[in-house]
Structures are given as C-alpha cells and as structure tokens.
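What follows is a pair of complexes built around chain A, which joins chain B in one and chain C in the other.
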Partner chain A sequence: MEKKDQKKPALAVQNLTKHFSGVLAIDNLSLSITQGAITSIVGPNGSGKTTLINTLSGIFKPEQGTITVQGRTVPPLHPHDVWHHGITRTFQNTRLFEQMTVLDNVLVVLTKRSVIPSLLETKDDTHYDQAKQVLAATNLWEKRDQLAANLSYGQRKLLEIARSLATDADIYLFDEPFAGLFPKMVTVVFTILRSLKQEGKTVVLVEHDMDLIRKISDHVIVLDSGTLLAQGSPEQVLSEKSVVEAYLGQ
Partner chain B sequence: MEYFLHLITLFAIYAILGLSLNLVVGYTGLLSATHAAFYGIGAYATALLLTVSGLNFFFAVFLGIILTSLIALSIGSVLSKFRDDYYALGSIGFCIITFSIFLNWQDLTRGPLGISGIPRPDIFGLSFSSSILFALLALIALGVTFLACRGIVRSSFGRVLKAIREDEGAIQVFGYRTHTYKLLVFVISAAMASVAGSLFATYVTYIDPSTFTILESVFILAIIILGGLANLRGSLIGALILILIPELLRFAGFPAEIAGQTRELVYGLMLLVLMLRRPQGLLGEYKL
Partner chain C sequence: MDVVFQIVANSIIAGSLYTLIASGFTLTYSTTKFFNITHGVMTAVGAYTVFFLGKILGMPLLLAIIVGVLFAGLLGWVLNYFIYQPLRKKNASQLSLLVASLGAFTAIQACISLAFSSQFQTISHTAVMQKTFSIVGASVTQIQLIIVASALISFVSLTFFLKKTRFGTAIRAVSDDEEVAKVIGINTDKVIGIAFFIASALAGLAGILIGFDSAIEPTMGLALLMKGVTASIVGGLTSIFGAVVGSFLVSFVENFGIFYTAGEWRDAIVFTLLIIFLMFRPNGIIRT
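Let's look at the complex of A and B:
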C-alpha cells in the first residue's frame, strides 16, 4: 500500500461523469475527501452517492474525469486495484461469502495476494490473531464458526465492517453501515469509526441518519442529481436552505 | 479377483477425475464440461508417446501433463474471463471441438479406429501388466491426487477459490485478480485429468474417441454432484457409487440390449432425486 501524505486529500475526483442507459448518475463532479477525517456523503435517493462509491472502488468505470488517491492521479481503476491503493469498502446490500464461516470471511482478505505463495500458505497464526481482533471488535468472535448465511441482518453488516477492518486500509468507504442496525450495534459501529479516526484513517460514509451524521462527521458532502450541492461542517451544511429543500423536500 | 481389481482400477481413475473436477466446479463454482477433453488429451498423448516413440510410461505421463496444461492454459485464459452460463457453454464447446479433433485428425489419432496395442506401464523392469499391480498403481495415483487436492483446498488459495465461488465481484475489491486464480485451478485440474487419461489408456490398452465425448464430462459431473460439491470425500463416494451401479445392474438379469439404457435411466433418476431432495449431493457443502 502507498504511503500517505497528511497534507494531500485522501481522495479526490475531478470532473467525474457516469451515465446509466442515458440517465446521468454523476454529472461532472469534483470533490475531495480530507485525510484522516470522517466524511459523510448525503443526498436523496438517486443522487449518485453509491455510484460515486462504486466508481471510487473500480466497480463502475467513469466516462470522464480523474480520480486522485493520496495526491496521485490513478489510471482507471479495476476492482482488484483499489486494495493496492489502500482503499477498502462495504456494500449497501451486504456481499458476504455466504457458504463460508464468519472466520473464513475475514481470513480470506488476510491471504497473500500472489497466487503461488497463497497456494503454499496453510495456517497462519498472525492472520488468525488479526481475524480474532476484528471479530472481537464487532462482537462476532462467538459466531466465528457459523456460516455467514446464517447471520442476522445486523450481524451481516458488522461482518462486512470486520472484513474491511482486517485489510488495515488507509481509506474506508462504508455504504450505509448503520442501516438496519439495532441501537447496540450502532454503538459498536460508532466506536469503530471513532477509533479509525484516532488511528488517522480516512472514513467516507454514505448515510441517511442525520443525527448520526451530525454526531460523527467532520465533514459533510451533499449530492443532488449527481452534482455537488454543498459541502462543509455538519452544522453548516445541514442547515443550508438548498440542502434542506433538496434532501427533505421542504 | 480379476473382476474386483478391475473395479478398483476403474474406481481410482474416475475418483481422480471427480476430485480434480471438484476443484473447479465445487470449490470455485465454475460449471465446467471440459474434463472429458483433458482426460482424452492425456490418454492420447500417452498412447501416442508409448506406441510411436516407445517412451517410458512415467515420462509419457509427464509429457501428457505438460501438453494438457498448456492446452488448459490457453483455453482457460479465455474461459476465466467468464462465469455461470457463459463459462459452461464455452467449456461444452471446447469438449465438442476436442472430440472432433480426436475423431477427424486421422493421421495422428487414427480417428474412429482408435489406437491399439498401448503397452502397460513398465518401470525399472517392473511391469504393471498384472491387474493387481495396475490397481495398486492407480490407487497410488489416486492417493497422491487426493493429498494434492486436500492441500489446495486447505490452503489460503483454496479459501480464495471459495470466495470466488460465493461472490467474485466482492473478493476482487480486496485486491485479488480472480482471473489468475480461476486459470490456475483450471490448469491444475486439467493436469490431474490428464493423469487419469494416461492410466486409462494403458489400462485398457486401446482408446478411441467414443470414450471422450461430452457424455463422459456429464458422467464426471454426475460423480461430483452425487458425492457432493466442495467435498473431496464426496468425490470418492460418488465415483464408487457410479462405478458400482452398472456392475450391480449386470447381476439384475436385464437383457444385454437394454442394460446400457437402464444404466442411463438409473443415473438420470438419481440426479433427479438428488436435485429435488439434496441438491448439494451426499456430502456436499455447496449447491450449484
């Protein structure tokens, strides 16, 4: 993974554009994500939040625009490239390895990335300890031998977060990590996000819950119809008239 | 006794085919129908090297593995870009093309006449011409294949294969070039099928294209579906059951002219019942 420079934005996009069958999902968007901060991306449904996350993680190819990671413009990303740039993510609709155990869901991202060394790698205590640590942090250690398919909705969300934490990335893209969680689980995720920030990691959240956004975000970006509507501190942005009109329809 | 040793040899050959195909279908989730082709390439390579060049059996097996692996590498480079229906269709196409080559490249394969007079293995003067020695050789090859497959599925590489099967897109964002993993497991699996082909060719001492049709791929698929996907012991059980069934039918008193069709009927019924009652197979950990 690349070394981070605190002065440069962790992530930036310049003139990013993405269409889906004639529908403009991201429209000439330019924005930057501050290093070591928690940035929330908000906006009404269809505003381009998840499309932006998917583009930043190489799942969608933009038709136009550039992406800069830690100050360096990167060529069009493939999904397998993003980890090498120190980026990890969770998905809006959880994408776990259903017929694998909770422990294996985490261990698999700790494996050596080269094919031949991974073929020779069998049991690694270091990886096991790392997996134990992230599963304990997400209260899933007791469930380690269960299949991911048998977890509750909230536990599935937590396992996705645990899987991302195991990568020890610099930039975390969390797509609606709080959606559908019980209050106790919300506290767990809250604690994880705070500790990531303390470690100097960059967190990008796509979230709808305004109270949570106010409590945890350092910076808020508001998207509407694929364009940047507003950005700034939570208090400043969430009280802006244009934001209230676009987001709450008032 | 001879008959019993014959069954053991056939079981070992088909168990090798089942184990190796399970790596691709059961563990990686790629529905491949290429196995009869690689089985055939291994068989033809060994048969030709032994009858034309008079090479040592083990050297011929080794060259067969190299040739099969190279062909698997080239076809796998294309197939690994796909999954699901497209992968299956591509693999069926390859199997049919290979059969056509076996049938029509008469200068090399002697076409429908096949290759006869393939010598039994011989190493340092020890000939495997007796049934007991050949059965032992086949069982040793099965043991080595089983241990190799177990090593693969228990490694980190094996865990990534399962993740590819579960959600290829999700594992990619964690930095894995899944194409490479799919390609490598495909080549390893083909190399193992080649060994089974070498054993088959030298066991029956005669091969022709009719053994390596798409139906043979379906039969090998049936072995792993019956025994269980993503379970190595399942492949052994699947091979045992499907090798024994026709032999048991032999004693059921059916006239010879309908015995073959009865076997197909029994296979079909077994697969139908499995799909309805236990889609993951007898010991399987994964449903297609």
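Let's look at the complex of A and C:
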C-alpha cells in the first residue's frame, strides 16, 4: 500500500460519468474526500451514492472521468485492484461468504494475495490473533464457529464491517452501515468509526440517519441526480434550506 | 456370498474413479458456476499422454504418468485462460460457456482420434500391476488397489488444501461470492485458473488409471464425464465430500443394478438415479 500524504485528498473524482441503460447515474461529478476524516454522502434514492461507491471500488467502470487515490490518478479500477490502493468497502445489502464460518470470513482477507505463497500458507497464530481482534471489536468472537448464513441481520452487518477492518485499509467505504441495527449495535459501529478516525483512516459513509450524520461526520456531501448539490460541515450543509426541503424530508 | 463381495469391491473401485472426476468437476463448477464439459476429455488427454510418452517414445512409466497428469492440468488451465476467462469477462451466459466447452471437448477429442486413431488401445506394451489379490472373497488387481488409494489420497489432500491453506479458503470464497472475493483483494482469475489446473489434473489421473486397468479410446471422456457429473449433482455440487458420497452412491447403485438386471442397463440405471435426484432432491445429499 502507498504511503499516505496528509495534504492530499484521500480520494478524488474528476468529471466522473456513469450511465445505466440510458439513465445518467453519475453526471460529470467532481469531488474530493478529505484524508483522515469521516465524510458522509447523502441524497435521495437514485442520487448516485451507491453508484459512486461501486465505481470507487471498481465494480462499475465509469464511461468518463478520473479517480485519484492519495494524490495519484489511477487507471480504471478492477475490484481486485482496490485493495492494492488501500481501499475496502461494505455493501448496502450485506454480502458475506455465506458457507464459511464467521472466523473464516475474516481470515480470508488475511490471505497472502500472491498465488504461490498463498498455496502453501496455512492458518497461523498471527492471522488468528488479528481475526480475534476485529471479531472482538464487533462482538462476534463468540459466534466465530457459526456459519455466516446463520447470523442475524445485525450480526451480518457487523461481520461485514469486521471483514473490512481486517484488511487494515487506509480508506473505508461503508454503504449504510447503521441501517437496521439495534441501538447497541449502532453504538458498536459508532465506536469503530471513531477509532478508525483516531487512527488516521479515511471513512466514507453512505447514510440516511441525519442524527448520526450530525454526530459523526466531519464533512457532508449531498448528491442529487448524480451531481454535487452541496458540501461542507454537517451544520452548514444540513441547515441549508434547499437541501433540507428537497432531499432530507425535514 | 462371494459375488456380493465382488460387487462391493467393483463398486468401491468404480466409486474411486468417479471420485477423481467428480471432485474436479465440483471444484470448477463451484468456482465458475458453469457446466464444464471439457472436464471429461481430460481423462483421455492424461491417458493418451502416457500412451504417447511411455508406449511410443519409451519414456519411463512413472515419469510419463507424472507428465500426463501435469499436461492434463496445464491444458485445463490453458482452456480456462484462453476461452472461459475471456467469455466470463464479457458476461457470457452459462449456456455460451457450456457451448464453448462442448466445442473444445469435440476439438480435443478429434485431435486425439487423428493422432492415435479411434481404436481401443492398451496404455503400455505389457500388463502393468495386474497381480491379483483375494480380499474377503473378492478378486482385486494391484492397479485397482492403486485406484482406490489414489482416490483416498486425492480426497484427503484436496480437503486439507481447501480447509487448511489460505489459498483453499480463497477458493471457497470465490465459490461463495466471486465479486466480493475480488473486492477484498483476491485475484479470482488466478484462483479459478488453479482450480481448473487441479481439476483437470485429477481427471487426467483418472484416465491414466483406467488405461492401466482396462483400455483407452479417444471417446472415453464422455461416459466418464456423465458418471462424474451425476455423482457431483447427487452429492450436492458444492463440496468435495458431497462429490465423494455421490460417487460411491452412483457406483453402488450402478453395480448392484446391473447384477440384478444386465450390463446393458448400466447407463440407464445411473441416469435414472440422476433423474430421481433432480426431481426429488435437486440440491443433492450434502446440502450447504
């Protein structure tokens, strides 16, 4: 992974455009994500939030525009490349390795990436300790031997977050991490996000809960129909009348 | 009573051969989710490589066997790299992949026929490992014991590899959700390529062992593929253990079936079992 430069934005996109069957999901979008801060992306359904996350994580290829990671413009990203750029993500609809245990869901990201060494690599204590650490942080250590498919909705969300923590990435893209969680689980995720910030990591949240956004975000970006509508501090952006009336339903 | 023991022995030997084929088929199916027909022809590739190197060129038999297994594995990797992987990247449907693999199967089989004729052949000049043992009243040859041992070693090795190595965990992750596996940094193309290599090498080994036990012909792959696929489906298509269970169920039903009917019913019995499973237990015996 590349060395971080605190002066450069962690992520930036320039003139990013993405269509789906004639529908413009992201329209010539340019924005930057501050290094070491928690940035929330908000906007109504269809505003392009998840499309942006999917593009930043290499799942969608933009038709136009550039992506800059830690100040360096990167070629079109492939999903398996994003890890090399220090990026990890979670999904809006949780996606786990269902037929693997909770522990293996975390251990799998600790695998060596090059093929030959990983062929002969066996589970060792270092990996086990790292997995234990992230599972303990998400209150899932007791569930380590259960199949992921048997977890509750909230536990699945937490496991996906644990898996992303195990990557030790620099940039975390969380797509609605609080959605559907019990208050106790919300506190767990809240604490994790705060810890990531304290460690100097960059966190990007797609979230709908305005109270949570106010409490946790350093920066808020509002999207509308794939374009940038507003950005700034939570107080500034969320009090803008046009934003509140049109997109936040308050 | 001796007849029953002989049928049991025959079932174990056939089940061992099906295990080698079904394990590989399950491995590629679980990682790519397509019906790889070329898996069957790898049996002939392995067998004819040993035939060519050992019988025609006079290479030491053990060396020829090792090269035969590796060549079958390599050809599987090459087919994936040059045909299936580009098709997957273009989001080709499972049907397109199936048709492509049928084309590759036919082409490889034709090449073998052109090079070595369509006749039955023995894999070496002299009978190898044909010493017969009597075990609980059943006659078993040395090569048949090696077939059983090969299947057992392959199953244990593959299970250890998938469960205990980090790369095995990566294969299971790709089987579960390829896109998420990519996002967490796994190079799924390489993982699938190695899955093809392992699967094709196992099929090649099965073909070589069949060659030493009986005879080889260029079309030997299709019948073996159908038995292996039936075993995989009966076993659930998702685990190596399921493939083993499916293989032995198929072989026992097949061998006891022809004992009570006639040899001509062999394939009909196996495919009746397949239809019964598809109708009443489509997810197989080992459900995950």
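FYI, the second predicted complex is superposed on the first by the 247 of 250 C-alpha atoms of A that agree within 3 Å, B and C clash if a C-alpha of one lies under 4 Å from a C-alpha of the other, contacts with A are read in each partner's own complex, and residues count from 1 in each chain.
Everything that follows uses one rule, which is that a contact is a pair of C-beta atoms (placed from the backbone, for glycine too) under 8 Å apart; a residue touches a chain by one contact, two chains touch by 3 or more.
All values derive from a computational prediction rather than experimental measurement.
K.L.:
In the overlay, answer first, second, both or neither for which of chain B and chain C A:84 touches.
P.N.:
Once the two structures are laid over each other on A, A:84 reaches both partners.
K.L.:
Counting only touches as set out at the top, which of chain B and chain C does A:167 meet: first, second, both, neither?
P.N.:
both
K.L.:
Classify the contacts of A:23 with the two partner chains as first (chain B alone), second (chain C alone), both, or neither.
P.N.:
neither
K.L.:
In the overlay, answer first, second, both or neither for which of chain B and chain C A:97 touches.
P.N.:
A:97 sits against chain B and chain C alike.
K.L.:
So chain A touches chain B in one structure and chain C in the other; where do those two contact lists coincide?
P.N.:
Comparing the two interfaces on chain A, one with chain B and one with chain C, the shared residues are 57-59, 78-80, 82-84, 88-89, 91, 95-100, 104, 107-109, 111-113, 115, 118-122, 163, 167.
K.L.:
Please name which positions on chain A make contact with chain C in the complex.
P.N.:
57-59, 78-80, 82-84, 88-89, 91, 95-100, 104, 107-113, 115, 118-123, 127, 163, 167
K.L.:
Which residues, counting only chain A, touch chain B once they are in their complex?
P.N.:
For chain A paired with chain B, touching residues are 57-59, 78-84, 88-89, 91, 95-100, 104, 107-109, 111-113, 115, 118-122, 124, 163, 167.
K.L.:
Contact residues on chain B for chain A in the complex?
P.N.:
151-152, 154-157, 159-160, 162-163, 165-167, 169-178, 180-181, 184, 230, 285-286
K.L.:
Of all residues in chain C, which touch chain A in the complex?
P.N.:
My answer: residues 164-167, 169-170, 172-173, 175-177, 179-188, 190-191, 194, 238, 288.
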